[in-house]
Every structure is written in C-alpha cells, then in structure tokens.
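What follows is a pair of complexes built around chain A, which joins chain B in one and chain C in the other.
What follows is the complex of A and B.
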C-alpha cells in the first residue's frame, strides 16, 4: 500500500525507519473515524529493547505507534475517550501500551509511551 | 568552557542571520552596492519552500537547507536532531563522524559498557558478602582482600569511563568542514522543516524565502480561522521576533515542554540557556502549571522565562488588519513583558 507523502503517518514512518533505525514499520490498514479525522496506527520494531520491554517468543518487540500532529496555534483532539477507542478498535486486545508520536511543527517528532493504567517499575 | 569551539565552527557560522551587510564605511562604492541591494531586494526570492497539506513548511534543496542552518540556525532536519545531517550520516562522508548524533551514540555505548562492567562487579561483591556471613574467622581475611581488590577495579573502571567521555567532548570541536561534493544519485529522505513563525520571519522581517508573507499566512490559515487561533499565532510570532531582534538564536522548546529555547549563539556552540513560555498578557494559570514548567527547565539547567505578549488592539481590529494582512500595524501594537520564574528552596540556597 502506498502512503501519502504529505501525511503525518508517512512522516512518522520515515522518521522511525531512517532516523531511529526501526524495522518493519508499516501503516496499518484499519482506521478509526474520530471527529473530522481518520486515525491510523503504525506498527514496527525498535532496534534494541529498552529495559521495560516484554519480548515475544521470537525475541522481537512490536509497538503500536499513534501519530498526532502538534502545531503552536491549533487545539488538539486527543481525549481519554478517543484513546479508549484506539485501544479497542485498532490494537490487539492484549496491547498494554502505545507509542505516541507527536509531530511538532518545527520538524521534530517527540515520543511518549501511553500505558493502560498503572505500570510496574522496570529495572533501573 | 567558552573557547572550546574550533575555528571551523566560528568560520562556518560567521553570519548570525541570512543577511550579508557589505557596507564598508570607508568605501563609497560599497554604499551604492548596499543601497542597490536593499532597493532591488537582492537577497529575496532565493529559497524555495513547499507547504504540505498539513501545513508543514519544507525546504528540500540541499544548498538552501545548509544556507538556512548556517545563517542563524533556522529550521530542523526532519531526520536529525537539529542540523540536517541525515545525508552525511547515512552515506558516511568525512564529516559524519562528528555530527551530534554520532557523538551521542558513542557516549551511549560507553555508558552501556560501563554499566555492564559495574553490574558484574556488584554481583561478585554480593556473593562475597554472603560467604562472609557463613564463614569462619580465618577465611574472612581472604574475602576482605578480594573485596578490596574488586572495589579498586570498580573505581578504576569509573575513572576510565569518565576520561573517555571527556576526551569525546574535546574531539567534537575538531570537526572538519563538511564535505561539499556529494554524489547526486543518492536519495535524500531529509528536508529542512521551518516552524510557521520562522517562515514568517524569513518572509516578513528578512525576506529570503520565495513566498510573500501574506501568501504564506493565507496558505497556513483557513479563510475562516477563528480569532483565538490567530491571536495565539500573533503572540508566538511577536515573541519569536522579539528575541531574534535582540540577537538570540530562537528554536523550538518542544523537548522541554515550552514554546522556545534561547541560545546565545546557536546549538553547535553551547546549550540553550533559557526556556521561554509565551503567555497572553491577560492569562493567569494555577501555580502547579508554573511549577511543572519550572521544574523541567531547572532540571535541564535552564532558566524559565515567561514572556507576556499584550496586543493593544481589540479583536475586531486585529481581525480586520489580519484580513488586510497589515502585519506591521498589528505587530507595532504589541508589547512584550518578561518574568523569570525560579524555584527557591529556603534550606538550600540563600540568594
């Protein structure tokens, strides 16, 4: 499937593949309509595991990535209800966390993990 | 600390803004050239930008990307931390070994190596301590010796680690000039992205982009953009313009949760000293909001500056001027007030 090169999905995909050196980063087909936009997730594997990662049997981790864009003057749309729908409709049922990719309007992308509720501490 | 940057950096970043004053007070011919350039707007219409449908302002030509970075650190490489260095990093030309990303990577590896080493020693020490509890007095002497030896190894590896990290810092400044000849066949996935305020600055204050400021704003904002959105943008721009005109290098503060970061000269020279949050002059937030900002900024050893922008026009006037794109009138009716907000711990620091 070709990705629109203007979309934030494409920006996040390119950033993860070519800057953060992730592997197999793909835009998912499933989408969720929310207010006047269509939310799509990406899925991919980071190059090395951080301490709190749970590896699967093949030793790889797959993360869901939720791309959002942030501009200095527009209001944002992400709410708890919206996140709930994203978890319900776009993720596997056992998904514990999402990687929020905030596309800033200065060309940087910052990443935050969003967990479903409280999460035990990892190894320090 | 001040003199550590090399001549190469000083030479490369000699112009703080994309203007080249050629005025030489002893030479009347240079006055004529200068006036002619001002009159014909010689520098303008040089740099091509494109605006995506998400409103991202992109510069894709390699020369223009370098130009904007070298003349005041405008824009951010979409695949880099700040300077658009993806191309040289990826295709490994000479200059790539010293770009910021490569240095951070080496630091990270050294830290990892040190941590692994430390973990091994800690494990061994714990084993010894357990033995000590169950063993008789004669054996204890040997165990203590072994412990002392391990602790010495640990200290040694910490010393090595610190030395390595320091020598790495020193090597940053031996950077060569970036290679200029590059193979054109190679794909460049990276563009330089400009913040809307940067693009406005580079089309309104110092017109070097190939777009007029009114066209830029018409592309970025819907025709029926609401008053709040426009006011917010005006506030941000006024603050940006204010610090740029006072000689600061202004970049996005997204990584520290603020609007802007102020650098004395620019990212290659030193860390940003100040985090700026732009606030409407009427606004007042609860105190946890300020604490949040203040703690993050001070944690990164930066000063938090609250920049209050007051627009001395009512909303109708602003909207009318905005429709006409009379930016000069809007901006000249703005006032900037500043407050530094810093936590004070009574028991700790007494200033």
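What follows is the complex of A and C.
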C-alpha cells in the first residue's frame, strides 16, 4: 500500500521499521473521522517480546500504534472521548493498549503505551 | 463500615464567619474515628504538631487532615457528619479562656482529683491482692503513710487527645451546604467522581503533589504497599485535549518511579454543570468515568 510521504503515519512507520527495528509495520485501512481529521492506526511487531500481553497464536506480539503530532494537541484533537472512539472503532475488541507515537516537528518521535482503564505497573 | 454508619465520625470544617467560606481543609480530632476510617480505606494525613517542636511527618499527631474528596466520600456513604467551626478560632479561644478561666480551672482540678483518687484506690487493692497471694497478712494500717507515699509518687496525669474546649465552637449545619463550600474552595465534582470510582475499585488515594498529580493511588493500605498510579486532575471528557508535553512529563516521571500516569474524565452526557451537586449524586450514580493509564514504552 502506498503511503503519503508527508503524513505522520509514514514518519512513524519509517521510524519504527528502520530506527527501532520493528517488523511488519503497516498502516491500517480502517479510519476514523474526527474534527476534520482522519485518524488511522498502524500495526506492527516489536523486535523482542518485552511482555506477553498481546501474544497471538504464532507467539508474536502485535501492537496498534496511534500517531499524533505534537502540535495537534492544542487543537481540541486528542480528547478522552476521541481515545474511547479509537479503541471502539479502530481496534479489536480485546485490545488492551495502544502505542502512542508523538511526532515532533524536529523529527523526534517518543512512544508511550496507553492502556484502556486503570492499569497498574507490570512485573519488573 | 456498618459500625460507622450507626455512629458517624465527626469531621470539623472551619468556616469564616461572614463570607461563609471554608478556610481550612476538613479535620478529624478523634483518634478512635481516625482508626475506624482507616479500616475502610480513608487514610488522610496527620497534621498536628507543636509550634515550638515541629516534627517530621512520621511523628505528627491529631488532627487528621482529610482531602475534600475523602470527606465527601465518607459523608455520602453515611460514615461521617460535618460540624462547622466558625473562625477566627484563635481569638475566640483566648476570649473563652479569659471569661471562663476560673470555672475551667475548677473543672480540671476536680477531674485530676477524681483521677488520683481512683488510681490510689486501684493501687491499694492491687497491693492487698498481691500480699495475699504471697501469704503475707496485709498491714496496710501500720505502714500506711509509707506505702501511700510510694503510691503517690506513681500516679499518672493523663493527657487527653482531644480538647474539650473544641465543643464550645462547633455546631451542626446542613452538610450538603458545607460540601458545596468545600468543593467550591478546594476541588471539583469531576475530581470527586474520579476519586469515587477509584475507591470503588479498592484503591486508596493520598494527595498526589509529590509525583505531580492530583492523587496517588495505592492498591491497599499505604503502609503496606507502594503506590501504583499517579492520577491527574479530571479532564473534560469531551472538550479538553490531552496535553502531549504534560503526558510525556507525567508518564516519564511515573515510569521511573514504577507508576502509571492516569488520566480520567466524566461522561456527563447532556447534564448541565449546575446539576452536579451532592443531592443529584445521591439520587443518581449514572455518571460514567473513563480512565486511561499511560507508561513510557521503553524506547524513543
């Protein structure tokens, strides 16, 4: 699938594939219209299994990735309601967490896991 | 909790006289009450100290300072009643001491006398019992002055935890009104609803400033567990965007201290803000709270 090279989806995909060494990172087809924007998730697998949360039958982990540009937050973009809709419409029903990719305009991307609901710290 | 419902604890709230504003957070002065509410997951913070011997917070004493949300939760669950103390307390105290000093002195003298008499009687009885056990016939009348002097030197003066003078200042008031003052001065309904939802999931909350949040949530008694989460002030579910820089700060700090950074908001539906009062809360628990927990992914 061809990806628009100006999009933050493409930036995040490239960063994950070539910098963080993730595998099979693809932009998902499903999209959600939200405040004049289209939200699309990516899906991919981290290089090593850091947790056993999302293991599928092949023993690999697949994470959903939500790309957000750092400048978008002050435009009423990512509200709690929006996150709930993302989980409802773009994820599988049993999805426990999203990987939030925050893209800055200097090329920095930082990654945070967002769990649905209350979640305590895992075993360390 | 049922015991508390029959005998609710007394939460004292200081209110300024003219403006009807709350001027201090809710306080509990009674040690038995403090013990009782700790058993149902309300810990508060001990705050009492002496002006000339300020202590580290492990050595602090009564009064117990409650978060506004803790006080409201106790009240809504029928475990507490509010009593209002009108300010300014310190000048009222000295007025009272000036006008009633003689009577107060008399009272305390009598109380001390009575306590000494009871202690003496008890100690003499114990002495006789002990002697009987050892097979020695008590000669209390012979060596009376000697043993009395010994007993005299071993009497205790009891220092009470709670001042009786406090009762001169409190009066009961309609609790709903007080809660509204408290919320207006110190918190918001949304924050309370987050607190309530977490408490229903058996988390125990304490003030969160240490980790940059509104609450810190513990999975059990804070003396037994490390906290699991830092909870942010409630967000407006529909209109308030999540600040990405704040998220990065909160989650990065949280992850280094093994906590998740939690954001939450209340789905009020179409309800007006003015509808969110205690009375409605008691009638209707429909408001749904939505939480998300954030942690650093470990890379990037």
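Everything that follows uses one rule, which is that the second predicted complex is superposed on the first by the 113 of 124 C-alpha atoms of A that agree within 3 Å, B and C clash if a C-alpha of one lies under 4 Å from a C-alpha of the other, contacts with A are read in each partner's own complex, and residues count from 1 in each chain.
Throughout what follows, a residue touches a chain if its C-beta (ideal position, glycine included) is under 8 Å from a C-beta of that chain, and two chains touch if they have at least 3 such contacts.
Everything quoted here is computed from the prediction, not taken from an experiment.
Q: Mind working out whether A:91 is in touch with chain B, chain C, both or neither, as first, second, both or neither?
A: Neither partner.
Q: Figure out whether A:110 sits in contact with chain B (first) or chain C (second), or with both, or with neither.
A: Both partners.
Q: In the overlay, answer first, second, both or neither for which of chain B and chain C A:7 touches.
A: first
Q: Looking at the overlay, does A:118 come into contact with chain B only (first), chain C only (second), both, or neither?
A: The second partner, chain C, only.
Q: Spot which of chain B and chain C makes contact with more residues of chain A, would you?
A: Partner with more touched residues of chain A: C.
Q: If we overlay the two complexes on their shared chain A, which of chain B and chain C does A:80 touch? Say first, second, both or neither.
A: The second partner, chain C, only.
Q: What is the contact status of A:99 with respect to chain B (first) and chain C (second): first, second, both, or neither?
A: Touch partner of A:99: chain C, not chain B.
Q: Answer with first, second, both or neither: which of chain B and chain C does A:39 touch in the superposed model?
A: A:39: touches no partner chain.
Q: A:25 in the overlay: touching chain B, chain C, both, or neither? Say first, second, both or neither.
A: Neither partner.
Q: What part of chain A is shared between its chain B contacts and its chain C contacts?
A: 15, 70, 73-74, 102, 110.
Q: Which residues of chain A touch chain B in the complex?
A: 6-8, 11, 14-15, 18-19, 69-74, 102, 104-108, 110
Q: Which of the residues in chain B end up touching chain A in this complex?
A: 52-56, 75-81, 86, 90, 189-198, 229-230, 232-233, 236, 251-252, 254-255, 259
Q: Going by the contact rule set out above, which residues of chain A touch chain C in the complex?
A: Residues in contact with chain C: 15, 20, 50, 68, 70, 73-81, 83-84, 99-102, 109-121, 124.
Q: Could you please specify the touching residues of chain C with respect to chain A in the complex?
A: 198, 201, 203, 219, 228-229, 235-245, 247-248, 251, 258-260, 262-265, 267, 290-300
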